[in-house]
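Following are the structures in question.
Here come two complexes built around chain A, the first alongside chain B, the second alongside chain C.
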Partner chain A sequence: MSNPWIAIGALAVVALAIPLTMMAVSSLLRPSVPEQGKRTTYESGEVPTGSSRQIKFNIQYYMVALLFVVFDIETVFIFPWTVIYSDAAAEFGMTTALLPMVVFIAILAIGLGWAWRNGAVQWVRSPRATKGADTYE
Partner chain B sequence: MQSAPLPETLANLLGLDPNSTAVMIVLSLVGAGLIGTLMMTNTALAGPWAKRKITAAFTDRIAVDRIGPYGLFIIVADAVRLLSKELIVPEGADRPAWDLAPLIIASTALLGFAVIPMGNGIHLADPEVGLAYVFAVASTTSIGLVMAGYASNNKYSFLGGLRAVAQNLAYEIPLILTGASVVIFAGSLQMSEIVAAQQQSLIGPLPSWYAFVNPFAFVLFMIANLAEVGRNPFDIPEAPTEIVAGYQTEYSSVYFVLIYLGEFIHIFLGGAIIATIFLGGPAGPVLPGIVWFLIKIWGVFLFTQWARSAVPRVRIDQLIEIGWKGMLVLSLANLLLTAVIVGVTV
Partner chain C sequence: MVALPDWMALAPALSLALASLVLLLADSVDPDTTNTGLLAGISVLGSLLSFGFAGWFITAGTGMADSTGVALFNNQLVVDQMALFFMAIVGSVTTLVVLASYDYVAEHSYQAEFFVLVLLSATGMSLLSAANSLATAFVALELVSLPSYALVAFLKENKGSVEAGLKYFLIGAVSSAVLAYGISLVYAATGVLRFDGVATAISSGTVQTIVDGSVQAQAGDPAVPMAILGVGILMIIGGVAFKTASVPFHFWAPEAYEGAPAPISAFLSSASKAAGFVLAFRAFAVAFPIGDLLAAGGAINWVMAFQILAIATMFIGNFAAATQETVKRMLAYSSVGHAGYVLIGLAAVSGSGEGLSLSMSAGMSHLLVYGFMNTGAFLFIALAEYWGVGRRFEDYNGLGREAPVACAAMTVFLFSLAGLPIGGGFFSKFYLFQATLNVSAWSLAAALIINSALSLFYYSRVVKAMWIEEPTGSRTIESYPMGLYTAVVGAALVTVLLLPGFNRVSEIAFQAAQLL
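Let's look at the complex of A and B:
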């Protein structure tokens, strides 16, 4: 059995070579006609106002990203357990194999419940957006 | 029935020594080229042609039929057309990031196919961590999406990038947890083992594919996969009627091709993961394995296109609530339920 990572590395080379070849071919084919205003970013035909890097966005994007880190690490712990589970359950009985994971998931579920109650997974609409919707009624 | 990985099969076929590293590197490149070509062919067929034909059939229209038989030569025409377009770099674009994003989106999706068993010995590599590897590679695409959204210096792109990452984060965990429930049955992360574990008979002629053994997990995985590949009802990162084209608004020419291509390879990668862990991989009666594998991934592709034509888009608040309150809780329940069932039956 040879090292499987050689083949994966080879596919990485191919996976990079295909897009790079396409870029190279395209650079030979395509024209370049720089004109005034052509490079402006698209804002539905209006002249762009302000920087795109400083727009305010909903804090919720940050909250769900924080929550994701917790649950992503959780999946890292779950994976080794899933691999040995059926063998462990056959050898030591179901309770011994399952109970620690139930406790672990229960702690996470409590965490999710806490985040849920505090509105971390509830998309908060800004008062301004809600007010705008009301005036149209 | 465990067959050797593709490079070793090639070595035996050509009478070369499979223990020599140099031989293996060369043959791995050949094998990788084969896999790359196969998936690029599928994507070329799906992107400019099949997608249009399928959407047209759903909406009762006639799609591309002018060039070649069934309009098939549109693939060549579109490739030439898009590659020869001018590349317009938006003002204030964050330069290396803006150029790297299409590369990341296209390459990472292709990289996942390394561990997918496609039947007839077409299985590039079979590491013990196969399933974890494929999830890891598939989720790297999110980085490309965020880079594209941020670097374009466009407000629509920025919003699209944010939405893409919020969506991928919300559905990543249900996806992986449901995948983990399959591992409980199979007892291994190795792709060949997972496929081999699905070959026994469940009831009569019905094979014990995990889609039949645990349909609940299969449905959860299909839904989470729709969100991962960004197709309706979860296409808010692109949402053409709201934010133009999301993170790809400012991309033209070959960069647009790469992002578009990357999305389609990603759909096929999702299909390949589903085929491997839920539909018995390349297994099936009469026809050779590779044909069954292609039928299965095209089946999943058809499903995404069906959803795209038939299901309305969810809003961002609904998306987050479905993901965190619905899918996550259900996938945790599925994991524990699977563990109890397996624990009782062993």
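Let's look at the complex of A and C:
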């Protein structure tokens, strides 16, 4: 049996090689068209305002990020639950296995519904954030 | 009587959580609602239900049949008499606060959010009372803290409120980090997070593990590194000191209480403090038994630490209160001083750990009485803010002629806080005094007496302004808000009734402390 660390070393090499190759190949193939939009800081397609040292995003992006965390946490709990669900349902009965997760998701759904109704996901465009951005959109 | 299922033991916490979800649903149906009556009604109903369940379970003797109480979720939560006692405190304070908020938030937007945050924070406090593991306690503590940061900054047009909220948040984040680090060190040293497991690790001196819900020694019997454990316990003391607004983490309290809406100041200074203390009582009485800790090589003598903290907190809180110019800030510092009195509950213990149940029950009783008298006093400030009375002592001049009922209630609160036999505060301080004498802790006893005498001086400044001084400016009180009046008068009534009823309270508290 060879040393298992060889596989990890190979993984590291591949991990470095793939992005480097992609960048090298694309720099050989692509046409060079410098443009302002390509130099802005990228964060989930949000247009930043201010200089590159103090990047500010539209505050509504923060709300979306918070709601994202809701689903994130939900996933963290649902995945292990789905894995053991059929065994648990067979051993303890369906109610014991299903009900806690239903309650958990119901609580999250109430929170999400409340945020939705109160306009957390309603996208209002602020003039400042979109100023100058229309040129390359 | 019908035997309820075990999970129903959490009903005091569940009814608070349910009420907050119903509020969210109500607000989803009509987001622009200004129907304060409905929102406050749901909140009052939920918190009264919580208080009712806690009271019912205490009298029915829930969790007394078994020495460990009703254990839920693999012992992560334990509902015993102590948990129920603190759930009752939280329920009663929350009821008073949401009742008083009815008038206070009527002219603000985001009313539903206000009540939801109060109830969620109260849910955390209720759960914290039952937490039986460091991890559960930490999560519950965060559930208490996060809504309260937002609540302090609720008046978002008001710079003082926003500043207070930010300060509270920053100090809170730091102390949460300290607490989390302390918990991780205790876990590293003992191998368990459950309080009973930590206690077993300390008494046996070997690292423990939990197999199928029962605590066992880890394979190979590795020894508990006492130095790491000691540092961990010290950091947990720091986290508790923040939540209870004790020295050395007390400096957020005056800022936060002064900037926050007055009902929130009442909520934080009574219920939130009680929640911090229940964590301290349970963690230090169950998880870090002082006798075993000293016998096992003395990682840390937390009784000594709490003695120093109690004396420092009493003196700093009361002396700072005596020099204040505004009433709300004076009450804020006096609430720091009261944290010092309750800390006696963990400090008046002899070297071998005797006297802990007596002193802890004294601390618990004081917290219950304090829950009514201090909440009442802050709600009176809310009333004064509602009327547009100024902040300084002079602004209260002659208020007694215009609002005699509310001022009489305030007089009861203040004299009871000082320890005069007009309310339950007299007996609870006397009980604390007895606890110090029981273990011959003369320095604690002296600090208690000196500070109570000093506190009488600054409390009576308010009383003098209200009743004796002539009104300086012209002031007209236009309305007498129902909700605030009901809450203030109700709190005053209970404070007075606790004078004859204190015996019962101290009995329940003593029994609860002994069962631990």
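Here is the rule we go by: the second predicted complex is superposed on the first by the 71 of 137 C-alpha atoms of A that agree within 3 Å, B and C clash if a C-alpha of one lies under 4 Å from a C-alpha of the other, contacts with A are read in each partner's own complex, and residues count from 1 in each chain.
Please note the rule applied: a contact is a pair of C-beta atoms (placed from the backbone, for glycine too) under 8 Å apart; a residue touches a chain by one contact, two chains touch by 3 or more.
Just so it is clear, the structure is predicted and the values come from calculations on it, not from any experiment.
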item	value
Touched partner set for A:Ala109, first chain B, second chain C, both or neither	first
Partner chain in contact with A:Ala90 - chain B first, chain C second, else both or neither	first
Contact breadth on chain A, by residue count: chain C or chain B	B
Touched partner set for A:Gly9, first chain B, second chain C, both or neither	first
Chain B versus chain C as contact partner of A:Thr40, first or second or both or neither	first
First (chain B), second (chain C), both or neither touched by A:Arg117	second
Touched partner set for A:Ile78, first chain B, second chain C, both or neither	first
First (chain B), second (chain C), both or neither touched by A:Val64	first
Doubly contacted residues of chain A, that is, touched by chain B and again by chain C	116
Residue numbers on chain A that touch chain B, as the complex places them	2-16, 18-20, 22-23, 25-27, 29-33, 38-44, 48, 51-53, 55, 57, 60-61, 64-65, 67-68, 71-72, 74-75, 78-79, 82-87, 89-90, 94, 97-98, 101-102, 105, 108-109, 112, 116, 121-123, 125
Sites on chain B touched by chain A in the complex	5-8, 18-19, 21, 24-25, 28-29, 31-33, 35-36, 40, 80, 83-92, 102-103, 106-108, 110-111, 113-115, 124-127, 132-133, 150, 152-159, 162, 165-166, 169-170, 172-173, 176-177, 180-181, 183-185, 187-189, 244, 249-250, 253-254, 257-258, 316-317, 320-321, 324-325, 328-329, 332, 335-336, 339-340, 342-344, 346
Chain A-touching residues of chain C, taken from the complex the two chains share	21, 24-25, 27-29, 31
Complex interface listing, chain A residues touching chain C	107, 110-111, 113-114, 116-119
